[in-house]
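Dropping a structure here in structure tokens format, bear with me for questions.
Naming follows writing order (A, B, C and D), and every chain is counted from residue 1.
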Amino acid sequence: MTKFMTLKDAVATYVKDGDTISLEGFTHLIPFAAGHEIIRQKRRNLSLIRMTPDLIYDQLVGAGCVRKLTFSWGGNPGVGSLHRVRDAIEHEYPCKLETVEHSHAAMANAYEAGAAGLPLAVFRGYVGSELPLVNKEIATITCPFSGEQLAAIPSIKPDVGIIHAQKADRAGNVLIEGIIGVQKEVVLSAKRSIVTVEEIVDDLDVTPNACVLPAWTVDAIAVAPEGAKPSYTLGYYDRDNNYYKQWDNISRDRDSFNQWLESHVFGQGDV
Amino acid sequence: MTTHNDTAQYTSSEMMTITAARALSNDMTCFVGIGLPSEAANVARLTHAPDVTLIYESGTLQTKPDVLPLSIGDGELCESALTTVSVPEMFRYWLQGGHIDVGFLGTAQIDRFANLNTTVIAANHPESGKNGAHSYANPKVRLPGGGGAPEISTNAKEVFITVKHSKRTFVKDVDFITTIGFGRDGKGRDNLPTIGRGPSVVITDLCILKPDPATKELIVTSLHPGTTKQDVIDATGWEIKFADSLETTPTPNEKELQVLRELKARTEKAHSAQEIK
Amino acid sequence: MTKFMTLKDAVATYVKDGDTISLEGFTHLIPFAAGHEIIRQKRRNLSLIRMTPDLIYDQLVGAGCVRKLTFSWGGNPGVGSLHRVRDAIEHEYPCKLETVEHSHAAMANAYEAGAAGLPLAVFRGYVGSELPLVNKEIATITCPFSGEQLAAIPSIKPDVGIIHAQKADRAGNVLIEGIIGVQKEVVLSAKRSIVTVEEIVDDLDVTPNACVLPAWTVDAIAVAPEGAKPSYTLGYYDRDNNYYKQWDNISRDRDSFNQWLESHVFGQGDV
Amino acid sequence: MTTHNDTAQYTSSEMMTITAARALSNDMTCFVGIGLPSEAANVARLTHAPDVTLIYESGTLQTKPDVLPLSIGDGELCESALTTVSVPEMFRYWLQGGHIDVGFLGTAQIDRFANLNTTVIAANHPESGKNGAHSYANPKVRLPGGGGAPEISTNAKEVFITVKHSKRTFVKDVDFITTIGFGRDGKGRDNLPTIGRGPSVVITDLCILKPDPATKELIVTSLHPGTTKQDVIDATGWEIKFADSLETTPTPNEKELQVLRELKARTEKAHSAQEIK
């Protein structure tokens, strides 16, 4: 059953060293507050999964929490590189970073298959791409009806799924609205799940087919107002595109990153 | 900034964007890559193709952003969309399901068979050959990766590419095929009836290139006004060929330039509104 | 591009003898008006696909339009048998009826795979069931990662997909709301599609993640008020459960069915 | 109509429904079959298990109907649900995804290994053996088919079954296995770690049956008050065994009976409201 918790307690309870974790949110609803709490609690040797690593994973990697990264597009959208991720890949700073690289279609299908309880995802993918040469996870299966060769990859079933959402009601049901990405899939496929929300409300007040996660699918709900900043929460606040641009300078240099980490993460109390 | 005196003053970047925009027609559904393709697609929508259907991989269907998104999932895209679906649904039902006429892509590297590399730059690395499998582990430059492109290129009915022309970008063989054009030998799509027909046009700031119908090698079919053959030869990493009936690309008109400039100004203003805390 | 048409013209244009057709709607939004128009236009040798054949297929079968039926649950929900379907299977009246039988999970997956452009659906299904003994479509594939044997069946890609929905806007975008079943999948997977709607409105007035079919995915939209009766349209009218109960008597006897057909279908003009 | 004099007057059907309702507890998620299971599940929700999560295959998640649905997709189910998902999502994410504690099923035929037949009655047909493959093509009675049951039975963590007890229904071997209980030999779930543990209880109007832990054959563990062993023997098509510690099923209480009767009265009224046109 769902427990309402502080974010500090939720991370302490459900995130362990060595876990495989998906913090998802396709540009929208990225769980920055939860990521920062993981950094503050100094989790180590995490295997992180995320379609679009983005700043949140740059920060986790730069803070030394991560040993492995599975991704399909790793960059600062519209700005450039993730300098902390590149520093880890290219110079093993602050530690060695193993990578597993997919396409978006592959990861979207693997999340879908994970939510669907299947061991594999089957899709028309990687045709002519050289990614299968460098990613041993990518196999092919032959359709018994058409003879077509299709791509197959293992489904994603993280130990912990972490997302941010607009709101929960008092029973712990969660509404996700707007660009919903793979948010539902992450929670449904993960062994344990944490959802941060902008607020708790009496009534979600939704239309019949809204994207709602029932309370019993979520392990911990933590209220984290502005918990997605500098990403955004539709209906609450906009994406801080300027922050993304300025991140390029902060993250380019190890010292300025470490300064930022001290003042903006370790210097902040728990939410 | 290069400018040309014709009916209007414009830069080579503007020439590229507007030429790319013109490739889209009103009845197309276009899966839009971020950056140059997004700019071109929205100029098309705001000029000659008001009903062009723009789809972004973030799940936003039939979106009409007033400012260009910085990311593929800016709120603007969702708020102006007909509806927004999940990312698995976007890739399964809408892209793989065969509902996309045009995939509009940018790239970091492109080769003579229109293969795209957005994975690693490794050509100058001591361990590397020209085979991505050998240079991948220890790249010279780690690029962002494939994102949606590998399957956009195979599941859309055709592919448009727009990218700035330079010898660094236009290479004989890409260091790594992230996304297939026509494969290492130009025959990579042969006998694959379930995939799309691949790149049909590449629009740069110098010219328009199209695959030769027989060999699939990219050849220049149209030079932008003020560009010479030598300019293109100098900016291309292989012995580039020119079509027999080489055309001159029509110049941007006043309305297109105005729309593009206003769009970029609105975008600049929107993205600079907040200061980092 | 979408065309607004009369239902008569839409069926005349897009439904041909011998076609494979899905008229879907999982209890909700069953396109009865469209089915009756197909009967009136005397289409023959249709292969019908539908998870829950229901009264609409009893009527099409009884009227002699159908040679093959693919289904996963064929009954009058909560009432009993589909007598016209049984008469066709058991006594070849009014003509022989071939059947292909699946489970709901199988057909739901096959529709999903059809919409996803795949040649097959892969799922954990039919374990221990004897349906694979009598349905040659059901194959198994082995997961290359886990070694698990999974069921595989061909995806569904009908010639014509027909659904009923709440409303369309003037551009031809369609809103489906409530129990959405496999409505979206049918339209996306079909070569041609017809959507009947309760009404045309200026603005669909929807939330961000509503189930909306863009105009360019639909071939014909026909206004058919109460076009789902005796099924229902959420927000417009309720299911006529009593009609379903009375259908048992009407359909049990060939003469009373044929009388009903004359007066309630052939006796009615086009919508 | 059989009635029993105990604390309250009730019919054997009411006894069955209320006993079935009591099998559900407040913290369960239950995938509900239409008919008897739906009746029992909603009585549970309206009595001792107000927070039991009811899910119907029509896509309605966590629904709280005020009247019983006639079909699996009545408007009532959607209007009272937390949310409603597509049918593919229901079967993929919610059932196959492992989120269902209990699949609650009815059936037309059940055998000693709790295999269910809702496909064809064919045992008396001249061409038929006991093998569904041989009797299927030319059935004596064509039943509705499997619907959701084949995968509910394997993808839910456990299965409850409720069905009226008769020799026609309780057969030694079902004519056709639509939905597996424990297979033709009771070993059908052995060595299949990815599926649920199968039927754990069968509730009839006479008794409660459970699979023997070793053989998986259904044995009677509790007799309803007023039912004799001979009643069960007479209504069962195999040599039914009784548990050593045979119990007597607790009788319905006044509240349960009141809730059940009011639910049925509301339902009857709602479904008779309209006349055929």
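What we mean here is this: a residue touches a chain if its C-beta (ideal position, glycine included) is under 8 Å from a C-beta of that chain, and two chains touch if they have at least 3 such contacts.
The structure presented is a predicted model; accordingly, all values stated were derived computationally and were not measured.
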Any chain that touches subunit D and subunit A: C
Whole-Å separation of chain centres (CA-atom averages), subunit C against subunit D: 27
Approximate Å spacing (C-alpha centroids) for the pair subunit A, subunit C: 39
For subunit D, residues that touch 2 or more chains besides their own: 78-79, 84-85, 92, 96, 155
Contacts with two or more other chains, residues of subunit C listed in rising order: 112, 116-119, 123-124, 148, 178, 180, 184-185, 206, 208-211, 234
Those chain pairs that satisfy the touch definition: A-B, A-C, A-D, B-C, C-D
Residue ranges of subunit A in contact with subunit C within the complex: 116-120, 122-124, 139, 141, 143-146, 148, 150, 152, 154, 177-178, 180, 206-211, 234
Subunit D - residues contacting subunit A, complex: 27, 29, 53, 61-62, 78-79, 81-85, 92-93, 96-99, 155
Of all residues in subunit C, those that touch subunit B in their complex: 1, 112, 115-119, 173, 184-185, 188-189, 206, 208-212, 214, 216-217
Residues of subunit D defined as touching subunit C within the complex: 34-35, 57-60, 69-75, 77-79, 84-88, 90-92, 95-96, 115, 119, 131-133, 136-137, 139, 142, 144-151, 153-155, 176-180, 183, 188-189, 192, 194-195, 270-277
Interfacial residue positions of subunit C with respect to subunit D in the complex: 26-28, 51-52, 71-75, 77-79, 81, 86, 89-90, 101-106, 108-109, 111-112, 123-131, 133-134, 148, 178-182, 184-185, 211, 230, 232, 234, 238-246
